[in-house]
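In the part that follows, the structures are each spelled out as structure tokens.
You will see chain A twice below: alongside chain B first, and alongside chain C after that.
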Partner chain A sequence: MKFVRRIAYRTFMFLLTLVLLVGIWELYKKVGPQDGGMLFGARVLPRANDTAMPHVSTMFSRYGRPEVRGSDKEIWQVVLSGAWFSLRLSLVGFFLGTTVGIGLAVLMARFTTVRRGLLPYLVMSQTVPLIALAPLVVSWGGKLEIGSFVWPRWLSASILGTFLAFFPVAVGTLRGLTSSPLAAVELMSSYAASWRQTLFKLRFPAAVPFMVPALKLGASGAVVGVVVAEISTGLKGGIGRLIIEYAREATGDPAKVFTAVFGAAALGLTMSGLVAFFDLYLMRNRPRETST
Partner chain B sequence: MKKRSLKMALAGVAVMSLIAGACGGSDDAATEDTTATAETTAPAAECVTPTPVKLQLQWFTQAQFAGYYAAQDQGFYTEQCLDVTILEGAVDISPQTVLANGEADFAISWVSKALASREGGADIVNIAQVFQRSGTLQVSFKDKNIMTSADFKGKNIGNWGYGNEFEIFAALTAAGLDPAKDVTLVQQQFDMAGLLSGDIDAAEAMTYNEYAQVLEAVNPKTKALYTAEDFNVVSYEDEGVGMLQDAIWADGKRLSDAAYVDTATKFVAASLQGWAFCRDNTSACRDIVVSKGSKLGASHQLWQMNEVNKLIWPAEGGAGMIDAAAWDRTVSLSQSAKNLEGGTVLTKAPDAGAYTNDIVTAALALLSANGVDNTGSGYMPETVVLTEGGN
Partner chain C sequence: MSAVANISAVEVIGASKIFNEGSDNQVDALLDVNLTIAPGEFVSLIGPSGCGKSTLLRLIANLLEPTQGVISVNGKTSAQARLDQDYGMAFQQAGLFDWRTVSKNIELPLELKGWNKKKRAARAAEMLELVKLQDFGNMYPWQLSGGMQQRVAIARALAAHPPLLLMDEPFGALDEMTREYMQGELLRICAETSTTVVFVTHSIPEAVYLSNRVVVMSPRPGRILEIIPVNLGSKRSELTRAADGFFRCITSVREALRGTHADHVASTAIRGAEER
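Moving on to the complex of A and B:
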């Protein structure tokens, strides 16, 4: 019962925030300067006109109208199928990223030399701009053929999701694996437990509270990676491609691009929601502690 | 305990070497791939297995590439025993690089951009100049009084960058203006909001795309669509600084291979036949492009088809022929137009191998034999009415 009430409370707060956001948007539209506010030649207040900030009602009614005239599909159908496409790519990217991230974390936790050697490179890898990497990955992927396995184009987008997802997972898991109290580790060694037994019976369970936030970051990272890769390489079918195609029409149909942007946001929420459920499952048997 | 940790380390090494092996393998796969394509080129006479051909476009599916989609849809490629795959472009896809890396057999690119890549070492050759005229405009509101490029002085001039700005620099140089001092160059988005909001005085626009976008937008003052009367338009073609745009580029390394030349000839012939079809059937071509998944509205696509036709037809010397005078103009502008840093697109003139009319000449002969009108001397553009949002 407590559980249900907590979920209901969270949903209520989420909806309340949403209503507040819509209210702020519409309020600014009403009182904000139509042509923006300039201070010393720099724009400090955004424009409040219909092209720059369409009414929320316009954006949502756009969902119910056809994508283009004569098309039998309404925008919500197109955005939904685009989000579903990108969700699948993100899940593949997230899965690969989690596998690689946890694998690296275990290696780094086990061998101090590996940690010393690898960690700086992991940090460095995240400074490479994604848009520089995207065409390269597509180009390498296009040349890859292992036996009967031909690299599909969508996999390149997933790999870019992996690239953003593995880092927080690796760092968070590493932190978690090394967080077990010394007394617990010494207890394990007094039982003559092997390293592997210590890993699975002590270190991993102790690492869960560190891993869950890392996985949430990784999940949204995977979505960002996939969406950017779609924009950058023009992969058809996903939400990223819709964003850039609709953005081109922002001159005459400014509400259209927002429909796709909301789709991408919903996608990110779905992914972290999945991780939250996973968290609930993992923590089901854990005694509830009062955090300080 | 010692033993186990050793085992773990070995497992780790094994995984690492697997990854390394997989990465190393990609190079071999690439070379095999290229040879395979070259070998499978079918003989000319009978069509047993169509030759696979990959065409890399510069941008997403739109009527700018209607001719190729029409050739695919109307079976012109199949008649020439080609199996053509059309690869769409994107923000970070450079068709020249894709072609030079062997990931496509042909690519569509603007001449000045492609020549810059050629100077940078990409061995690519122009085999057909599809667009005979430049479609770049600089659009401004009437009250800004920008009638020619000389009026750019002191104004905010929008441009897209990525090599789409060369004509602006050429026009500024021709008007005696210094791009670093006399104008403010503004990076422009893919939409025309900057022009409509007043951030940009004169915005870069293609006749067939962005110019239509402003005519599809609602004027907040009148609540009706903007009309051509609201704007002044500077056409770089009319200013005398137009540079050659969409052309079909081939891989220079493979042009010594007779089979590739044969494929190229058939490909150019079928593509030009597609363009001739689109000249005579604008609405049919619009529908083909829309059916290929373009997200732009139907009236926008029809406008685009019509404007693109104007850039191709009439083609006095035959469609796709590279006009030496226009080529030389593009080359000399690329060498003389100064950019912000005072540099030029090209440092020296490209060698004679940068373009060839041999393939397009043979292709036009093929078309004439099939009775296709490849000059379009009687071509008359249509009048297209745009609707709000291009829908």
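Moving on to the complex of A and C:
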């Protein structure tokens, strides 16, 4: 029952925020300056004209019209299949990232030397710009040959998702694994429990509250990685590609690019929704201090 | 008498514990402690904060290694006793796992011993009955009061029927009423299961009410100052708390403690005078 109520409450708050955002957008469009506000030669207020800020209703009605003149596909179908394509890549990236992240966290929790040695490199890895990395991963992947396994192009995009996803998962899980109360650890060793038993019966369950926010970051990281990789490697079929294509038509068809942007947002929401569901399930029998 | 009956439950011979030996923040926690505890005995360790009573308990539990000396439990080395789960342990924080039901918490040591599900469930039910929480097996620890949680912790500690129970201020976080009730319950449980108990506490009445012997310890470095026998019989009740013998014992424990306290005050006073 509590489970259902929590979901209902969250959905309500989500919709309320959405209505507010639309309201703010339309309000600014009504009262904002058509050509933007200039202050000492710098534009401090965005333009409120139809090219820069189409009406929300225009954006949504755009979904019902064909992608290009004469095409028999309406744009919602194109955006949906693009989002679905990117979602699958993101899921692969997220899954790999979670596996690698948790694996690293376990290693770092087990061996202090590994933690000391590895953690700075993990932090450093996140400062490498994704755009620079994308072509490298593609070319490495192209050279890879393991038996009959041929590296598919989409896998490079997933790997870049992995690259952004694993870091928060590794750090959050490590924090969770090392957060067990001393008394609980002493209790386990008073039972002569092995490290492995302590890991699965104490450390992992105790780490869940730390892992959930990390997984949320990881999920959105996977989406960002995949979308950026699609754009920078020119991979066709995904939502990232659609954003780039539609943005080129922004002067003639300003609402079009927003349809793809919302598609990407929905993709991110789907991913974090999956994690939220996982969270509600795992924490269903635990005390909660906050309601969100 | 058979040889088995002569084996003491706990034997501590010349045990010392020094933390961070040789460094600037070296702490002499325990100095040459000797203590023998017979099977079925209830022994309390009492002393001011930092007297090493918890350290002594952890040495017996083999959670710490002594710097010097030998500790045996049930005639085995303390390390072997830990591997064999020859003792159960309870802490000030009940330390129950939030994600497990009360029953599953009690089953934890049995799981680690590799018992099957059916056997575990049967034992958990038995333990719940022992601590009078039959109806709470399917609840979660955070849904229970502090006293109930502590009873679950005791049930968990005794689930594998260990001959020895080690307790580190288990009732320290409870209110006075609950505390006295829990003391009575603990005595009943230990009598029913004929368990040996080593009990660390700050409270003089608690130590006297529960124990056959009270071990009074000095502040750092922790040494045993005196071992005071409590002759209040094996059957204790609320009437015991009003008995003359109870108060006499409290007085002697207090004097033993205060003896050290007076020395301690005197020595700091002298040191203070020298510094001035």
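Please note the rule applied: the second predicted complex is superposed on the first by the 281 of 292 C-alpha atoms of A that agree within 3 Å, B and C clash if a C-alpha of one lies under 4 Å from a C-alpha of the other, contacts with A are read in each partner's own complex, and residues count from 1 in each chain.
Here is the rule we use: a residue touches a chain if its C-beta (ideal position, glycine included) is under 8 Å from a C-beta of that chain, and two chains touch if they have at least 3 such contacts.
This structure is a prediction, so every number in the text was calculated from the model and none was measured.
Asks: Return first, second, both or neither, reflecting whether A:12 touches chain B, chain C, both chains, or no partner chain.
Replies: neither
Asks: If you stack the two complexes on chain A, which partner ends up touching A:231: first (chain B), second (chain C), both, or neither?
Replies: In the superposition, A:231 contacts chain B only.
Asks: Is A:201 touching anything from chain B or chain C once the two structures are fitted on A? First, second, both or neither.
Replies: Touch status of A:201: second partner only.
Asks: State whether A:285 touches chain B only (first), chain C only (second), both chains, or neither.
Replies: In the superposition, A:285 contacts chain C only.
Asks: After the superposition on A, what does A:277 contact: first (chain B), second (chain C), both or neither?
Replies: The answer is neither, since A:277 touches no partner chain.
Asks: According to the contact criterion defined above, which of chain B and chain C contacts more residues of chain A?
Replies: Of chain B and chain C, the partner in contact with more residues of chain A is B.
Asks: Where on chain A is chain B touching in the complex?
Replies: Residue list for chain A touching chain B: 35, 47, 49-52, 67-70, 103, 107, 110-111, 114, 131, 134-135, 138-140, 142-146, 194-196, 231-236, 242, 244-254, 256.
Asks: Mind listing the chain A positions that touch chain C in their complex?
Replies: For chain A paired with chain C, touching residues are 181, 183-184, 186-187, 189-193, 197, 201-202, 205-206, 208, 285-287.
Asks: For a test of understanding, state which residues of chain C touch chain A in their complex under the given definition.
Replies: 58, 61, 63, 82-85, 87-89, 91-93, 95, 97-99, 101, 108-109, 111-112, 140, 142, 166
Asks: Under the stated contact criterion, what part of chain B meets chain A in this complex?
Replies: Chain B reaches chain A through residues 1, 4-5, 8-9, 12, 15, 22, 25-27, 29-30, 32-33, 60, 88-94, 97-98, 101, 103, 189-193, 196-198, 213-214, 216-218, 220, 290, 293, 295-299, 387-391.
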